[in-house]
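As written, the chain order gives the labels A, B, C, D and E, with residue 1 at the start of each chain.
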């Protein structure tokens, strides 16, 4: 067990987020708990609409104004609750302590500002040590070098860069102020495989070099396997399974949803004639099923699943939220240890 | 027979959700648009029932020397004009002309511009090039001047005014339709239709136009308002409406001399124009928002 | 001078800003600065201050000397011998000689023949006799040649005309005012010509003609003192102007006549060929209401297309007063008891249109159904010329010689748009043109006008007055019937 | 870049050829002939024929067209029938009025429309937004000429604050400029508001927020430049249209600018003047649009690189 | 005997491209989107086409279906060159060749109901006379692709991506085509849905004997579904081999890198060093002669650029376009 208090960087407790649209209310995140230690990488996987991005945006309090709203929960970062923090304090956290890399590099850079201006801005905003202009500019060059962009191209505009390079600029911006935590929201989904490999390799390298923690949001289990230390599987705004990377990839016991996810991807190593995906679709987030949210699609669904919210069963570092596993299993496991 | 019944049954069971209903639902939420629609309905009702409100021959046309330039009173709610005609009657009857000018010119120019725009946008190539150059030429003459020149050439009359305004609006519509069609033509479902072997005409009418129609309708609505203003402007400088037919712009133009001492003569038709344009603009805005897919949820 | 002086001396009027100058409105920009190429009343009102006429007309219609100080008719040679007044100065300081007069006549006969046909066509040749004598040979003896010399022949300076660009940008003549500047966006600036030879010396030092097309705006400008004299103010403002202690009103009769004409070309329109129908129409028009609406009362009902002061006009001309009953009766007699329908009354925008609109209503009362069609000036003239109309509401600015009315009435005149074909009138017209005895000529003209009235060839509506709204303190000491109030007649009260 | 400019200017040639043809075509249909209009209704027929022949009025349309183009290529656009002066001289005399009017209105439009639009967008659905947008809606619905009349009635007639007509001092321009600018400013306000709301949704704005930028900075540094692009086009188009003359406004305020000239010329069948005026206008509009595109390229590097490559 | 004959039939390629070229005219020069590609697909088989974004995969598919006019080359369907076909013949041809599009959101007309979309090909090709027959056929197709009857009058925007893609498939199937170009039919979908669609496509192939050209950039998917794989790079086919062979024994340096770039969802490969490629894809506008991968290739030798390369058969059925390994 490595959840010693001094090592804990971020802890999310019972977070609930809703989106209010003019016709109905979307329950995007329904009480999730997450914890992340220093220098750890947490992977969040899940289908479209599971609430991954919402969780990430909640941490930075960047939910769309007037629509997204955190209704409950705490986000404790370095011992302070971010949800009750003042907006001006949040601004200091953003970019300086926690920064975020968004999914689409094509649109996350401002088309009318040069790469240098955008990178410089990030530094200038958090210039706590009152560095001079030339120092900041030197830092811009350094950051570009770090992500592998020749500094003579810094006066160019985003559209003159390829997708991979843009994503690297976005990464450079995110890392400019050496934050403690980087949240990467599907950073490579929009990129080609070869470029994706480049970017991921670079991110992991930088993360280790700079000693940061990272939350990596993705729906590619391959990426998770390659980069993460901990994994959380999200489904319909809830975390259905979480644990260390080994727990998810090598343990015997799994939430049926996780099983389905693995069954859905064609495996390069094992020959399969047919895939064994999960049937059905994600539930409507405005009208979630009662009890276990997954039960309508679950091949092992029992009567109780539609009646009662499943308990969280813990096997050491491995948590599963499912009726199929009982408290007894949990205690047996403990005893065995 | 049973199959027939079956098909009908299925259709009934899973009745189409009308998209118009959907748009209407969204539009209903927009208070301003509903206000606009209400005002507009009142205006239309007013112009339809003009004959009930005041007799055309007796009140709107007939001159009466003893009633010249009477200020608003209980007998004449809006007063009388320089010929002693009742202003309310003229305004109500004028609404018929003004509103129908707006709709008629927009309708025809939208039709012609729509056909041209859809063809040029869909086919592209040399045809597009030629038509668009032609439209460029027409566009480089200010539309109001073009209208004035055409009316001068053909002689002022309501019909010629309509023709002139229509012609002067065609290039604008062609452009708008063309650009919306261009965005639609780039979509995959057009390619899909082609892959099915649909003919061009069918693709244009079944796939391209229904998808381009939203922005075009919005433009059209806004254009009705613009046309009412343009027609009023042209009547104001004495082109178009022939006396003693009442039309708002023309009423303004006639009233202009009397403006200093009888301001109600210009205020009333002006407000009539402004209100109708205002309501149509509100509807147009509302429609645009209702049709905007990004606001869908 | 109709201006009553009620104790307030001019300088106390807050609207008087500078007694050295007057600001006058100009309803349109000038057509041209060259008077021979000009056909427009507004332009004439402005530039006739710059040009001086060859002869002058007295109030009673007699011709009096101006640039030419004397003349004689030499019957054998069919010519006039004019003696030019000595010592007349052009605006550039040079002296006016007979050669300039000859040049002026020649210019009229050559370059501006198209514009000045009425006068130019009468002249056969012009010969210079000496520095101050010029002979003008005519084609035929002419009754109105001298009159035309007084209203149409304006003095040109030979040297200046040839040196400048044919008076497109500047003018040098010998009138009471000289041109300082002209800008089509602002207006005209004139300055008194100190060496003016005439009897009435210009008293106002500087005159500015400001372009203000809108009649209402002119009233506003008067009230704010931006304007001292307005000729085209909105008539509806008359009451305000009369009530305003700082403004004054002045009016005088002029050559204008508003009328409705019928198309009487051979067989084109059946009912209009019927005299009774024409009379009925004449009776049905409510002239007073027309005057009320179009002129706010500032006009008198007309008897004839000839204006009131015209040579040949008299009270013997029949007058059709407003009488619907009589009109209906006449329609019945003519066999149109149930009325008839015809195309449209064509007219131009403005007062003519108002008249037409009321006419429409009046005609309806006797069963004649029609509409009004307002057309552009060019289309209007085109329609009149080609006979493509039934009735037209129109107006003309006629000079005070009876021959000008004949231009409209006679089929051989220059404005024969009605297409009246009356042999008797044609005969009489030929006689009047060469009748040099003015008494006899008057009788001929009068008889023609009376016949025109009896036959109801036209429907004369009214004679408008020329009206002026002025800043109180600005006195008008006279006017020219044809041109109106000229600058030389203006002066500020002491 | 300059190659692009030249290409754009060359594109003007076919447009001008077309415009000339259309004008000559329409003008050939207008009733009446120039001579009768000039000489008045009492001129004798032969004089009219003579003058018309001088003007080339009886030439068939193709001949007129070719002659016109031929002369135009020699720099001769003819004399105005009405004033007998070179047509461009007449235009140039009136152009300053129109230019001043157009320029001031566009500036005023931008000064009123853009800031209020930004405020509306930033304070979306707050009372100030409601006030701004509904006022804009009302102003955008007013007929301009009517607004002009009302302003004259109020400010000139009643309050006597501003002159109601003519040109001369800056005070003459106050009312017409405001009349022209108010409805357009209303439209610009609405446009600015909607493009701002559009950009607020963009991902790069979120990126900027994630950097820790303040709202102010986000608005002025990140949103504004992007949001202003369509607004600039709209202003450019408006400016172009105004250069062609604000016909009704020039009429209402009795300002003799280009459009008064054009209307008079159309009515007087002064074909050389009409044609020249419209050529002048077309060239101006084209140049304006070119300048707008340049500004566009200046602001938006994506477009700039399109021209440069 | 019977078996033999069937085999013979199968060996005959259904679709073949001969020196297929498609160049686009752009302001900056000729864009070689598809440059001299020779492929053939046997009846009932699936050809997987992989490659990076912009390498010309979609263009290849669209030119084969003649949705784009091609620059040069031939497309043979059942041995017949379809390029010579006139409009009417082509329309008939289209019934045999269909396409499933990448984006299930953009490829369905938002103004049409599911019924209208699926019935469209039936109506325009006048396959059925009565409305009833069409109705039945549509219902049958919906059942085939696993769409519940109740969606028949829904609009596509009311449905999720998976269902939309099923509509697209039903539309492609409506005229019982023999050959279908699947242009990244699953890349816009979620993993679980993706697997459902892949299963569906494979079932259909089995049941209806369809021939697929399957375009994707997901190597795991392509391996799963294809019999043969063609790797495209900047408009050219750089390697072509049976699926297993390609994964077991990639030869072209680009293919190797491509394969090693895939993140594998298992912890075993976590430790192993992955080969990371440097640099970006070459500009397809007016490419230089020689190997187009050369600028990114770590084995690069000057002679790679000397002349244009061709596809060589290194092993039976395994073709490679490379100077060094070919």
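Criterion: contacts are C-beta pairs under 8 Å (C-beta built on N, C-alpha and C of every residue); 3 or more make two chains touch, one makes a residue touch a chain.
Chain labels with UniProt names: A = Nickel import system ATP-binding protein NikD; B, D = ABC transporter permease; E = ABC transporter ATP-binding protein.
This one's a predicted model, so the numbers in the text were calculated from it and none came from an experiment.
Colleague: In this assembly, which chains make contact with chain A and also with chain B?
Modeller: Both-contact set = D, E.
Colleague: Would you identify the chain whose Cα-based centre sits farthest away from the centre of chain A?
Modeller: C
Colleague: Please state whether C-D or B-C has more C-beta contact pairs across its interface.
Modeller: C-D
Colleague: I'd like to verify one number: the distance from the centre of chain B to the centre of chain E, where each centre is the average of its C-alpha atoms, in whole angstrom.
Modeller: The answer is 49 Å.
Colleague: Give, as an integer number of Å, the spacing between the C-alpha centres of chain E and chain A.
Modeller: Chain centres of chain A and chain E, defined by C-alpha means, are spaced 33 Å apart.
Colleague: Approximately how many whole Å separate the CA-defined centres of chain A and chain C?
Modeller: 92
Colleague: With centres defined as the mean C-alpha position, give me the chain A-chain D separation in Å.
Modeller: 54
Colleague: Provide the list of chain B residues touching at least two other chains, using ranges where the numbers run on.
Modeller: Counting only residues that touch two or more other chains, chain B contributes 152, 155, 256, 259-260.
Colleague: Multi-chain contacts only, two chains or more: what residues does chain C have there?
Modeller: Answer for chain C, listing residues that touch two or more other chains: 214, 216, 220, 375-376, 379.
Colleague: Where in chain D do residues touch two or more other chains at once?
Modeller: In chain D, 30-31, 157, 251, 267 touch at least two other chains.
Colleague: Hey, which residues of chain D end up touching chain B in the complex?
Modeller: 14-15, 18-19, 22-23, 26-27, 29-31, 134, 137-138, 140-146, 149-150, 153, 157, 201, 241, 244-245, 247-248, 251, 259, 262-263, 266-267, 274, 278, 281-282, 285-286
Colleague: Which stretch or stretches of chain B touch chain C in the complex?
Modeller: Going through chain B, the ones touching chain C are 62-63, 65, 68, 82-83, 152, 155-157, 238, 242-244, 256-262.
Colleague: Can you tell me which positions in chain B touch chain E when the two form their complex?
Modeller: Chain B residues touching chain E: 3-4, 7, 10-11, 13-17, 19, 187-189, 191-199, 202, 206-207, 210-211, 296.
Colleague: Residues of chain E touching chain B in their complex?
Modeller: Touching chain B: residues 62, 65, 67, 90-92, 94-95, 98-99, 101-103, 106-113, 120-121, 124-125, 131-132, 135-136, 139, 149-155, 157-158, 168, 171, 175 of chain E.
Colleague: Quick check on the complex: what are the chain B residues that touch chain D?
Modeller: Of all residues in chain B, those touching chain D are 32, 133-134, 136-138, 140-142, 144-145, 148-150, 152-155, 225, 229, 232-233, 236-237, 249, 252, 256, 259-260, 263, 266-267, 270, 273-275, 277-278, 281-282, 285, 294.
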